[in-house]
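Two complexes are shown next, each including chain A; its partner changes from chain B in the first to chain C in the second.
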Partner chain A sequence: MNPEQLKILGSSFLGDLLKSVNLFYPETALVVTFLLAILVDLFTRNRPSCKMSGYVSLIGFFVTAIFLCNSPQGMSFAGTYAVDAFSIFFKWIVLITSFVIIVFSFFSKELFGEERQMGEYYTLIVGMTFGMFLLSGATNLILIYLAIETMSMSSYILAGYTKEIKRASEASLKYVIYGATSSGIMIYGISLLFGLTGSLNLSGINAYLAGNNVNHITLLISGIMIIAGIGYKISAVPFHFWTPDVYEGAPVTITAYLSVASKAAGFAILIRLLNSAFTIHAAGDTINTAWSVMKNVDWTMIIAVLSVLSMTLGNFVAVWQTNVKRLLAYSSIAHAGYILMGVAVMNYTGVSAIMIYLAIYMFMNLGAFFVVMIIANHIDSEDLEDYQGIGYRSPWLGVAMTIFMVSLTGLPPTAGFIGKLYVFTAVLNSGMYWLAVIGVLNSVVSLYYYVKVFRNMFLRGAEKANQPIELSLTVKVILIALIIPNIALGIWFGGLVNWANASAAMILK
Partner chain B sequence: MQVVPLEYYLLLSGILFSIGSIGVLTRRNMIIIFMSIEMMLNSVNLTLVAFSAFLGNPSGQIFVFFVMTVAAAEAAVGLAILLALFRSKKTIYVDEVNMLKW
Partner chain C sequence: MNLVDIVFYFFAVIIVASAAVVVLSKNIMYSAFSLLFTFFGVAGIYVLLNADFIAVTQLMIYIGGILVLIIFGVMLTTKITGLEMKTGITGKAQYAIGGLSTLVLGGTLIYVFNSTSWFKSPSVPTTSTVEAIGASLLTNYLLPFEAASVLLLLAMIGAALIARRK
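Now for the complex of A and B:
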């Protein structure tokens, strides 16, 4: 290579880098927040339970949100990271969840009960947010792996943050063992895919698969191994074994975080992988064209089977649960199944249905976990039996929980109904009637255990009405702030639907 | 000099990966489980390097650096969590850690 060529190469590299930095402002803001939160923690070390670095993280999230609002779109860092409408939608879900989780943490007795150093807790949440941001835009297998690990590593520690509670450290250990194994399986699949196609970029893999005949069996094995790694993150059956244990053992705030944010990020990468690597893209591909999935492996059927397994196992096992956190864990497995139905459809209607569902799922699940946390603060229990009479002891908590449960079941007029409606419509439009029927039957089963919570709160233990639970004003405000989207999105859902439809587009380069 | 064919590397890494996964599934001692996970990751490294040399594409070798870094970080986090559990339960055997069950 002569100096002239090197110069051109160097300037194009620099040009790409400068362009990429413009696209990378929200992530940069998160990293700065991460560092600031550590610094602030160092200055407030001698005052345990100080919330200073928590406030710094909240401000950082706010700044990130401003950058995210004005974010341009494009491909950055030599085609490894896509900033498109699709990833920005998922970044909003992750960012809002992280913000809400830090606010929740301020009220958690479990976390602040002991004189515990809380600085790292917020720092790790910011780090995890960063990992999920990267995951929602990653288009290179190296970046996908690193983003998944950034997010997992923080969540292993967060799950065991209350380390003197035996349950929490057990949960965290199980999480790290299952997590490391599943990421090992995923990366073996990645190495096989690299060997098959000679490329680590999703677009390169796509181009090779479209143009050449590869060994079907190897492609199937490597694809299933990668889906196993992602399936672990979204807790789809049969990769769900960690979910109930970790959800029960971890602090409630972290359980809520794992059930919403890391699931959303996992779905983002699953959809991007299937769309960018395993779908044939014609020249004039728009949002309205159906995906033509490559014929060599039947990805649709694999995802549909995962979806049916997740829904059925999640809902049926949830029926027998006596611990509310465990019940919500199985319910979250079931919801992963409903969302996977949208993936199995393999077109943009399905993708936008998933986005609507995840946005709504965020509000209902965060709400349910917030109520569980406030109740645990007062009665020190997460047992369904101990929930008797809560509706009389604190009508606020009772009514709020009922609304969230109705929303999770998917009954009108709540937002959950709209989420289910769009997913089922997408499935029916694609002609997979059997899948829609299984989904509807599963929703009926889920009604049983969600109503069980309601029954314990209102139809039993009326004699406990003389031990009222007093809620502070801020808790009431947060409850209302969580109830409003659950009702409002059930009635005025046009805005969300339009936004999701507009965001379903992915940059394919 | 004769070059070792690609299949030999792939076979070796397949065997290492299987030994690693069997170790994770059957061993009770958590430190040995972590060692088995390391073995799985190293078999991946072998596959990546072999493919990289075979295809003449260096990105596989770059990937190996990242895998090694992540493996080190994962071991550090895993052992720290193990230590926290050992302080409260005085055991490193997985079958004695069984408070959470369905």
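Now for the complex of A and C:
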């Protein structure tokens, strides 16, 4: 390349760069927060259990939220990063979850019990949020890979943050080993896809696939390999092996974080990959057009099989669990299965149903894990047996847990019902009746183990009522703040549905 | 068979053979040292593909950095050189299942590689790839490049955290 060529390249790039920076404010705010959290931690080093970098992160998230509200839309950084309504919706889910998780952490006895240095904890959460932001908008295979790695790297360390507890370091190690394998498989798939199409941008891959003959089997294998990497993140069967152990061993806050935020980001990239790379886009397409799949590779069937496996295995194994965190781990596998039903539909109705489901799932799952954490703070146990009589010892926790469990089952009038309703409607509209039937049957199974949790709280151990658990006012306020969306979104869901419908569209080029 | 093919197969044999030693050797020191030849062979293949920058990076990072670290790690761990690695229960069933899945996977991949019409970029004579890589990193791939820096910082913080006593 001679200097003249470089000059042309540079000047054509500068315009794009200036435009991109405007689109990149929320992520920039996150990186600045990330660095500030490290700096603040250096100055508060001598005071263990100092919450200073936690507050800095919360303020940083707040600033990010302001930028996110006013974010313009468009393609940025030479087609590697899309800022569109779709990614902004997922960024909101990630941001709210991260905010709530940091607030949760302030109440965790497990984390603050041992005079632990907590600075890195917040830093890593902010870094992970950055990774998930990138993942929601990435349209370039290298960026997708790096975003997944950023997210995983932080979650490996966070899962083992209480490293003197044996099961936490074991969880972390298992997570790293499975994670390394799955990311190896994924990057192999990426290399096959690149070798096939000669492009790393999803739009470039799409254009090449549309215009050229490619080998079906190679396309299928590379796609499956990439989906395996993403499936690991959303803990879909058969890539779920790490889930129960990691969820059980990690600190409760991190378990909640993994089960909501990294799952949401994983679904964002799965949907974007299927839509932007593997679907034919015509000029006159509207939001209601069904996606027509490239080269007749049956992605619908592959995703549907993953979905059925995840639901069934998740729900049936959850029935036997005696540890509440493990139970919620299998429940989260099952929920990944329900959400995958929406992906299998492969149209925008399915996408908006997934968004509704994830937004609601965020509130119910965070609520359930918060109750688990508060109970563990008081009774030092996560065993289902020890939950006996909690309903009498603390009616607050009992009632809250009951609401979250009913919501996770998907019964009216809670929000969980609305989430399931939209996903099942999308599946039925697309004509996959068998999938809907399996989904409904699975929901019935799930009722059994969700009920088991609050049955233990209220129908057993009434004699323990004389050992009341006192909750502080802030804990009660947080509980109410988590209960309200679980009930309110079950009754007034119009706003959320409209927002999700308006956000289902993706920028392609 | 022309000269390029011969050189390719030479490196390929080195890679496969030494990788097999890495996996199969019971002595962890032998594994670490034969990893050297695997990395070296891969670097050779890069040179063959005209990817000079990546070849040098491979030598500097994998052989100069990672491998040395591994060997140091092995040597600083007590009693490791003579240690028999525990391989758990490897009965006939495990060998059969492992071998079968390897054969199926290998067969599929070989079939795929031979039957696919891969994307071929127009061949341009290149003198040095460093400049082109540098220009790409700061233009088309700017965001991945910057994202990698955050990733590395996170990894560093994590490593320090794990190494810290409390």
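To be clear about the criterion, the second predicted complex is superposed on the first by the 498 of 509 C-alpha atoms of A that agree within 3 Å, B and C clash if a C-alpha of one lies under 4 Å from a C-alpha of the other, contacts with A are read in each partner's own complex, and residues count from 1 in each chain.
To be clear about the criterion, a contact is a pair of C-beta atoms (placed from the backbone, for glycine too) under 8 Å apart; a residue touches a chain by one contact, two chains touch by 3 or more.
Please read all numbers here as calculations on a predicted model, not as lab measurements.
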Requested in this report: Answer with first, second, both or neither: which of chain B and chain C does A:153 touch in the superposed model?
Outcome: both
Requested in this report: Classify the contacts of A:28 with the two partner chains as first (chain B alone), second (chain C alone), both, or neither.
Outcome: neither
Query raised in the report: Which holds for A:191: it touches chain B only (first), chain C only (second), both, or neither?
Result: first
Query raised in the report: In the superposed arrangement, does A:163 touch chain B (first), chain C (second), both or neither?
Result: both
Query raised in the report: So, does A:381 touch the first partner chain B, the second partner chain C, both, or neither?
Result: neither
Report task. Check whether A:322 is in contact with chain B, with chain C, with both or with neither, and answer first, second, both or neither. Result -> neither
Query raised in the report: After lining up the shared chain so the two structures overlap, which partner does A:472 touch, if you call chain B first and chain C second: first, second, both or neither?
Result: neither
Requested in this report: Please work out whether A:181 is in contact with chain B alone, chain C alone, both, or neither, and reply first, second, both or neither.
Outcome: first
Query - Which of chain B and chain C A:173 touches, first, second, both or neither - result: first
Report task. Touching chain B in one complex and chain C in the other: list those residues of chain A. Result -> 142, 146, 149, 153, 156-157, 160, 163-164, 192, 194-195, 198
Requested in this report: Using the touch definition up top, name the residues of chain A that touch chain C in the complex.
Outcome: 1, 6, 9-10, 13, 17, 20, 31, 34, 38, 76-78, 80-81, 116-117, 120, 123-124, 127, 130-131, 134, 140, 142-143, 146-147, 149-150, 153-154, 156-157, 160-161, 163-164, 192, 194-198, 208, 213-215, 217-218, 221
Query raised in the report: Can you name the residues of chain C that touch chain A in the complex?
Result: 108, 112, 115-121, 131-132, 135, 139-144, 147-148, 150-151, 153-155, 157-158, 161-162, 164, 166
Query - Interfacial residue positions of chain B with respect to chain A in the complex - result: 10, 17, 20-21, 24, 30, 33-34, 37, 40-41, 43-44, 47-48, 50-51, 54-55, 57, 59-60, 62-63, 66-67, 70, 73-74, 77-78, 80-82, 84-85, 87-89, 94, 97, 99-100, 102
Report summary line: Interface with chain B, chain A side, in the complex: residues 141-142, 145-146, 149, 153, 156-157, 160, 163-164, 166-167, 169-174, 176-177, 180-181, 183-185, 187-188, 190-192, 194-195, 198-200, 244-245, 248-249, 317, 320-321, 326
